[in-house]
Structures are given as structure tokens and as C-alpha cells.
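Next come two complexes built around chain A: one with chain B, the other with chain C.
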Partner chain A sequence: MEALANEQRPPTKLMSSVQLTIAKRLFDRLWAVLAVGVLWEGVTRFHWVDVDFLPPLSAILWRIGGMVLDGRIVWHTALSGARAIGGLFLALATGVPLGLTLGYMYPSVFVILQPILRVLSHINPFSLMPVFFLFLGLGNQATVVVVAWMAFWPIVFYTVAGVSEVDPDLIYIGRSMAASRFRLAIMVVLPGALPTMFAGVRVASTIIFFSLVGVEMLGTTGGLGWLVHNCAMNYQIHGIYAAAIVVVVLGYVMQLVLADIHHRLLARSSLVDSDVTPNSNDHNAFPCDWKAL
Partner chain B sequence: MTLGAESALTTVGTEKITLRGVRHRYPLRTSARGLGEFVALDGIDFDIHGGELFAIVGPSGCGKSTLLDILSGLVHPSEGRVCIDGKPVTGPALDRGIVMQGYALFPWRTTRSNIEFGLEVKRVPKAKRRAISDHFIRLVGLDGYEDRFPYELSGGMKQRVAIARALAYDPDILLMDEPFAAVDAQTRENLQDELLRIWENTRKTIIFVTHAIEEAIYLADRIAVLSPNPGVIREIVNVDLPRPRSSAGLRSSDSFGVLRNKVWRLLQTNSVRPPS
Partner chain C sequence: MGGPALVQLERLAIVAVVVACWEVLPRLNVVSPLFIPPPSQVVSTLVHLLVYENLAVHTRISLLRAVGGLTVGAVLGPFLGFAFGGFSPRLEKAAAPLVGLASQANPVVLFHVVVLFLGIGEISKVTVIAWLTTWPIAFSATAGLRTVDPNLLRVGRAFGLTPLGLFRRIILPWSMPLLFIGLRLAAGYSFIMLIAAEMMGTSSGLGWFVVQSQESYSAPRIFAAAVLTSGLAFVTDSFLSVLEHTVVYWTPRASCSGVHSGNSRRIWNFQRPLIRPSHLSGGSGI
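Let's look at the complex of A and B:
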């Protein structure tokens, strides 16, 4: 009986069907991108647009290859990455404690402060950029602070929201064990709020990525934003598109990674009673998170 | 409430928990006349012996959960006194463990890590935590599922984790709030036998809130029947069925039927009785 059952559903077949599904989904996601690439190449090769303003895609990819080889892309990407991560960490280091304090310790204070926080969050730091530069000077410091300012707000608001969504039964259990308020915050509220907080991190990362390129054009030397700007100033049209494509790809990859982590967090914190039978392989039901693509 | 003669009789001896004149009311916001109040519990007066399995049954809204909240120390009664081992309850403490209907497992923690939660609160060192959680994983029969997350467990298994978590930090008293109400009938009977086995092994004092009459009779030494609006104790029924209680014959026996009928009738008269 058992041998028969194994024959009917050999594990290798299951694997290949999973791989097929993945390949198909990849194609579903990518064919539109490929089509745009072909279209781009076509209209430029047939000179339907001015190739001085829009060079062929192949030429731009060639340029990207060259810029990777001579190290320029790597250097500017590393510089931008370091600033983005620095800004994110600064925003997390300040926003999470504030969000926890307001959301968990003093929710009534949050209600009072909320209008002020909303107004502050709508300050466009680009309009205040000269002020930031006055206080912090041109360069890395000001850049990191400006992007951190923008990432700070979603992190605060999502932390407050996440804290308020923690299952009250979990807090009840923690309290019944006479855990102090601080231990409750660390052991129950923070991990319970984490999936929602991570949604805030995703929003913050997108904001950082978009704003960083702009900030780098204004007040720094180096970085991908500076690279785009510098190419534009020197009339290197290929360079503009090359840097822009690198920015797009990096942003997309970053979002993929963050989405994947987020889905894992959400799956783990799912409170739905799945009622899986212990011996089924249901915990393998998500071979990978392609839905995040 | 008079604390005279009766309390003098009961404070000596093996009383684990004593409730005297416990009354609890919630403020109510009625639409037209402003503030009102709802008396959830009134004149609750009883003792629970050490090592006893004490069930509380009653229709919804009779204050069963409020009573458990008061026993856990998370709610202070509006009036009256609750003592454990002769000392008044002032707040939650690790001498009481709680098991809830909705399991309330920490979804980001594995079976083992959930069970060790109370020990971490208690700051028990890691090696000792592991030894204790090993013991309780075996006690509730979850060997092999130590590293599963709650979403990978069935309802019955989740409740076993919750029971192990409540037992792990070694409280004297286990407070259980309709713990088996969310699982299917078969799992429920298994868990009842499991609970009896664990109780016989550990000799904890267990307070078991349920709305299922048979469950209360099958498990308990005594059953407090509550009636609603306001929540008062209708009667405390002695369950003089022999132990150990094995599932097969007991549930269909005459004495079981008599008790079931008695408790059922007490609950029935509650619902037709006009509010006093």
C-alpha cells in the first residue's frame, strides 16, 4: 500500500511542478519588462526618437557594465547604501522608542500630540534643506539627518498602530504573570507589534530611497543621486540613464527583500487556527514567497 | 457582609482560596439617563480547598470571567475580600497560572519558548528553563513539537502548550477560563482526561470555568452554579463520583445522570427566575 502511494506521488514530480510554477510566475512578472526593453531598443534603433536624448537600451546597459567594471557604480552605490542605512537606523533608534512610549505607555498623550505630529510629518525637508545644511553643514551628516527625518514619521505612526493592535489576551497573560510594564513592553508588546512596525519600515525605506537621490543632488559629493546629477551637468546622457536604471533596480531589489521578510513575519504571527494535522507537511506549504514579487 | 462566625470557621484548615462578600460592578453608559451600573457579581462567598478541582458553571453574562479576573488579581472587586493562603490578593502573581479559551499563545514563540515565557519573567537561568520546559513538554505529550510555532499546531495542541505554559513556573493555582470550548468534541474529551492526569500528577488547585455541565461533572470535586444579573452563586454542588474517572462508563452511569439533571435544573430555574 505504502509503496503504491509513493509511486503515485513521487517527490521529484512535486518538486518539478513547484519549480515550473516559479518559472511561470517569474515569466508572468517579467514579460512586460522585457517588452518595454524591446520597444525601447526598437524605437531608438529605427530613429523614431532623438537618440541624443534617448540612447538605445543596449548602449546604456553597455555603459552600466563599464561603470561597474571601473568601480564607479560600486563606489556610489555603497555610498548611497551607507547613507540610506544610516538614515534608517537613526529613524528606527528614535522612532521606535517614541512610538512605544506613546502607543503603549501613554496612549492618551498620543491622542493629544497626534495633530502636532501629523503637521510635523508633513514638513517637506527639501523646503527646509538650507536650514539643515546651516546646522549640519554640507555632506553626509546633513544627508543622513534629512532622510532620517522623513523615515521617522511612518516608523512612529506604524509603531503606535502596531502596539494598539497587539492581541489583548497576550497582554493579559503577560500581566497575569506579574511582568513589569517594561518587561511586558519588551517581551509582549514589541514582538506583537513587529509585523505592523515592519510595514512602517517598508514605507520608510521607500521614502528614504526616493528622497536620498534628491538630497544627494543638492548637498553632497558622491552617491547615486550625485552621479545622475553629475552626468546631467556634463551632458553624459548615457550616464544619466545608466545611473537611473541602477537606482530603479536597487530600489526594486530592496523592496523584494523587505517584502519577503514582512511576509515571513506575517505568516508567523498569523493567529488563524490552521488546524493542520501534525504529520502533514503543511508547514512547507510556502516554499517561497513569490507573491512578494 | 458579616465576616464573623463563618470566617472564623473557615480560616483554619486547608482553605486555599477564600472569597468573602465579593461584589463587583461595572459602570454602564445607558443612552438616555447617563451613567448606570451593572452588577456583575454579588455576595460571592465560598472557599476552595488546596488541591481541589473546582468548577464554575453558569450562562453567559453570569460573571464567570469577572470572577476569574478577580482571582487572577487583574481586577479588584468593588467590595469584599479575596485571600489566597490567608493573604489578601493585591495583584497578579506567579502563584496563579491562567489558561484561556483562545489559547493566547505568543505567535512569534515556538512551543518550547512559549512554555518558558513565565520562567523568563521569573528570570530563571537558561539551562534550568530548558530542563523545566523539557519536563512539561513531556507531561502534556508534545514531544517532537518543541520547535513548532503556534500556527503549525492544531487547536488541541495549542491548548496543551497553554496548559504547559501555565504550569511551567509552578503556580499553586491554575485558573482555566473555558479552556476546551474552542476544540472539537473528540479533542475535548481527550483534553479532559489529560487535565485529570496532569492534576493527579501535580496536585494543583484548579478553578475551571465552563458552560458545559458534563465537563464540569466529569472533572470537578465541586461545582459552583452561578446565575446571572446580578451574578450570584445559586448553589455549590458536591460531585461525589469516584476517582480516577475514566471516560467509558462514567458518563452514562446513573449517578452522573442525576448530577447532570440537578445542575441542569439549577441553570434552568436561573433563567426563568425574575431578577431580584
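Let's look at the complex of A and C:
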């Protein structure tokens, strides 16, 4: 009813008011970030903190601009992005079939395998990194595999959870239309499980982004993690902050995009319950209890 | 299926088969034991390192860092989450991007910055882990606050509860399962990233030990450290799981908390058997 009332209200102002509304909404969202930026700038400009350790924000932004122009940021971002996407795809290509097989085809096998999967999911890839490097060499391959290892577990566990939550009525309908098990899996179970699986992708991408930067610091050349580490090793304080801000903003943008896709998927699935689905403000992958499976 | 006892037996059998394969393959030189040592050797190395060398000391150091950071996060997280989620929609809206950016501050990147201010002592590591663990817990607190059933709040108010009473008797119990999910996720993150941080800028702890073993390439030591770190993470997670089911005894063991998965209406209703207006109007036969 409220929406209807709003629509019936005559449009009183012209374009300028629309632009004003957009500006106001942006400001409503961003004033806290701006305030922190101003605080940062002020604190450093008045020399209330050691400027050698915390350079002014404007200087760092200037540095970021310079690094974008000389192509360094672009190159390292592309490198990190390619590794992250490669790792995610490797994890998806292995994890989704495994999750579907265990969750849909052989749930009883999953019950038996559950403890050992849980133990395996707790293996810390950083402590096994020397072994990965030994088999695959220092460089892109080992990085992608380490990252894929991290992403693999949430994807498997969320796929199993999603598959087990598919509306059984839909499966009955499919069966009554004489669909084969494989066809059911592809046409009914997979689409039904998609929103939950995507929650797993969100968790996985958070973990990927965190660990990729760490791996890049330890075992490769190039990439945003290497950039931060390199600046730190050379005492380029501006460079550390510049690269760190790029990493943080990229991670945040990635989360926003993934959250948007997730909400579209949720909205598309017909079973969505409007007051159960999370608020659209909630752009963070909700910590689902995938290790408790 | 022959009941839970058979399942346990089959589970044990699977574990035994996996360990046996791991033992036999290097022994038969199918994979080189220089690269993947058999578990018996790994365990004997682990015992040797714990008893005769100072691995126990490093383990204690790492554990103290992780637990210290996690404790700070577990105190700060709910505080921040309830504070930003609860007061005003305007504040919440503005805080969302700020919190989002803060939660993306990668611990290993943050470590390089924190070191500038706090040095390479214990404090900087605990700070980084605390920062890392605060956010998942804060998000789950906010999620709890947002999803709390308005009818319950109405009932609470009708019984004359003060705002503090509402928080203590309704909001907190409601959020507790979510808080535990956040806590367990945070604990998992903290172990992974602590090792990464220790591999970079310290001279103690398990991460440092891994780097040492890597440099004098000794596969049994690397695997021993990996077994130890994974074991610690596993034990911590199991402990938190037990704690969860002790503290939050009123929720059943569900496969996945249904907040984010649109299709999990059944689980949601199972956990919270409440009549919601939308269920009544939706007319679905649940």
C-alpha cells in the first residue's frame, strides 16, 4: 500500500531533485567513511601522529594515482585476480561435482565420510605450502592450488547443504515425469541448491582473497600481496598504505558484487520468504556453519 | 543402514583405510617418502620434536596468540555488532561501508601496518588476530539483532521488560546460535592467518617453525607441523562445537543455519517454530 501511495504522489520536482536525492543517499551511506578520511588527514596534517608511520591520506591517494598511471597497480591486480579466479574455478570444478555426488547421489556415504572431510578441511594450507611448492614449483600453479584448497571445503559443504535443502516436492515431480537421476541432478537439484551454493562461493571468495595475499607474500613474485610485502621490505611506507588500500577496496567491491548476485539468486528462487531473507544492507557473506555439517 | 553404531564403525574404517594408504604408498615408493613421509614417521618426528626439541614452546606461543586474539574479538565483536545494528538505521547505513572496508582489511596486510606502530612483539600479532576475529562475530551479532522475531519483542514489552531486559531475555538468547557460528568461523580464520603472519615476521611460533623446516627441507618436520596445526584447529573447533551445544542447548543440530539460504524454510521453521505473518498470508502448506 505504501508503494502505491508513493507512486500516486505527483512528481513535484524535476531532474535536479532526482540528482539531489541520489547525492543525499550517497552521502547517507558514505559520511562515516568520509569522516574517517577527514580525521586521518587532519590527524596527520597537524602532526598528532608520526607522519613517517602514518602518512596523510591525500599523499597515499596521490601515490595510488601514480601507481595506477605507471601500470603497477593494474598489472598486480590483474595477476592477483587471475590467480583468485583460477583458484575459485578449480575449487568449483572439483567441489561442486563432489558435493552433488555426496549430497544427492550418496547421502549415506557422506555421513560416513563426514569426519574425515572435516579433519581434511581443517588442514592449514600455509603449513603445507612447502609441500605444494615442492610438487608444483614456486609460482602461479602452487599459488592457485593452495588457494583452491582453501575454497574447496566451503564449496563442498555448502553444496551438500544446498542439495539436502531442495524442496522434495520438486524432486517427486521430476521423478513422476520419468527423469533419470542424472537429469534430475542437473535440472532440478542443481538449480534448487544454487542460492545455498552461492553462499558457499561467497565464503570461499572471502577466504581466497585473505589467503591469496598471504601466499603471494610468501612464495611468488607479482600480485598485490607481493606488492605490499615488497614495499614493506623496502620501507616504502606510502607504498604499503597505497597497496593495502587497494587490497581492501578491491575486497570490499568484490563482496558487494557477490552479495548482489546472491540476492538476485535468492529473489529468483520462488521459495524465498521475504522476512527470512537478509536485509539488502547485509553485504557480508553470512558466516554459515559449514564446518558443523 | 544398521543404526548409529554401524555408521561409527564405517567412519572408523574409512579413517583407517586413508591412514593405511598414506602409510603404505610412501613405503612402497609409489610416492617418494622424501616428499610425503608415511604417518608413522610423521608421528615419531612430532613426538621427538615435542619432547626433545622446543616445538612445545612454539605451540604454546602460537596458541596464546590465537586464543588471546580470539578472546579480544569475542568480546569486541558482539559489542560492535549490537551497537551498530541496534541504535539507529541512519547510523547503521553509514556504518555499513565503513565496517565492510574494515572487515576486508586483510590480516597479513594489516600486519605490515600494525608492525609499524606496535613493533614485532606479541602485541602486534594479538592485535591482528583480534581484528580479524572481531568482524565475523560482529556480523553475526548484527544478523541476530535483525532477524529477531518482532512478536517476541512485543510479548516482552507487554510483560513490561525494560530495553535492557529485552536485550538480555530476548535478543541475546535469539542471537546466541548466530554468535557461536561467527565465533567458530573466526576461530578457523584465526588459526589459518596466524600461521601466515608468523611465517612472515616473527622468530617464534608454529608458522616460524614451518619456515625453518622449509629452509632445511625436511618433509617429516613440515608434516609434523601441519598435523599439529590442523589438530589444534580441529580440537578448538570441536571444543567450540561442544560449548555451543552446551550453551545454546535449545537449538537442534541443524545442517546449516538457514538465514542465508532461501530454500531452507523448513530448517528455519524447525529451529524457530513461530508463526510469521508472511506464512499466514503466503498460504503455503508448511
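The rule is short, and it goes like this: the second predicted complex is superposed on the first by the 244 of 293 C-alpha atoms of A that agree within 3 Å, B and C clash if a C-alpha of one lies under 4 Å from a C-alpha of the other, contacts with A are read in each partner's own complex, and residues count from 1 in each chain.
Everything that follows uses one rule, which is that a contact is a pair of C-beta atoms (placed from the backbone, for glycine too) under 8 Å apart; a residue touches a chain by one contact, two chains touch by 3 or more.
Nothing here was measured: the structure is a model prediction, and the numbers come from that model.
Residue contacts after overlaying the shared chain place A:106 against neither chain B nor chain C.
When both complexes are overlaid on chain A, the residue A:134 reaches chain C alone and has no touch with chain B. When the two complexes are overlaid on their common chain A, residue A:31 makes contact with chain C while staying clear of chain B.
In the superposed pair of complexes, A:48 makes contact with neither chain B nor chain C. Of the two partner chains, chain B is the only one that A:187 touches; chain C does not reach it. In the superposed model, A:241 lies in contact with chain C only, and not with chain B.
In the superposed pair of complexes, A:173 makes contact with chain B only, with no contact to chain C. After overlaying the two complexes on the shared chain, residue contacts for A:126 are found with chain C alone; chain B is out of touch. More residues of chain A are touched by C (comparison of chain B with chain C). For the contact definition in use here, the residues of chain A common to its chain B contact set and its chain C contact set are 167, 192, 269, 271-278, 282-283.
Note for the complex: chain A touches chain B at residues 167, 169-170, 172-179, 183, 187-188, 191-192, 194, 267-278, 282-283. Those residues of chain B that touch chain A in the complex are listed here as 72-74, 91-94, 96-98, 100, 102, 104, 106-108, 117-118, 120-122, 145, 148-149, 151-155, 157-158, 169, 182. Only residues 28-33, 36, 53-54, 108, 111-116, 118-119, 122-131, 133-135, 150, 158, 161-162, 164-167, 192-193, 195-196, 199, 207, 209-211, 213-214, 217-218, 225, 228-229, 232, 237, 240-241, 243-244, 247-249, 251-252, 255-256, 262, 265-266, 269, 271-279, 281-293 of chain A touch chain C when the two sit together in their complex. On the chain C side of its complex with chain A, the touching residues are 1, 7, 10-11, 14-15, 18, 35-36, 90, 92-98, 100-101, 103-110, 112-113, 115-117, 135-136, 139-140, 142-143, 146-147, 181-182, 184-185, 188-189, 191-193, 195-197, 199-200, 206-207, 210, 213-214, 217, 219, 222-223, 225-226, 229-230, 233-234, 237, 241, 253-268, 276-279, 282.
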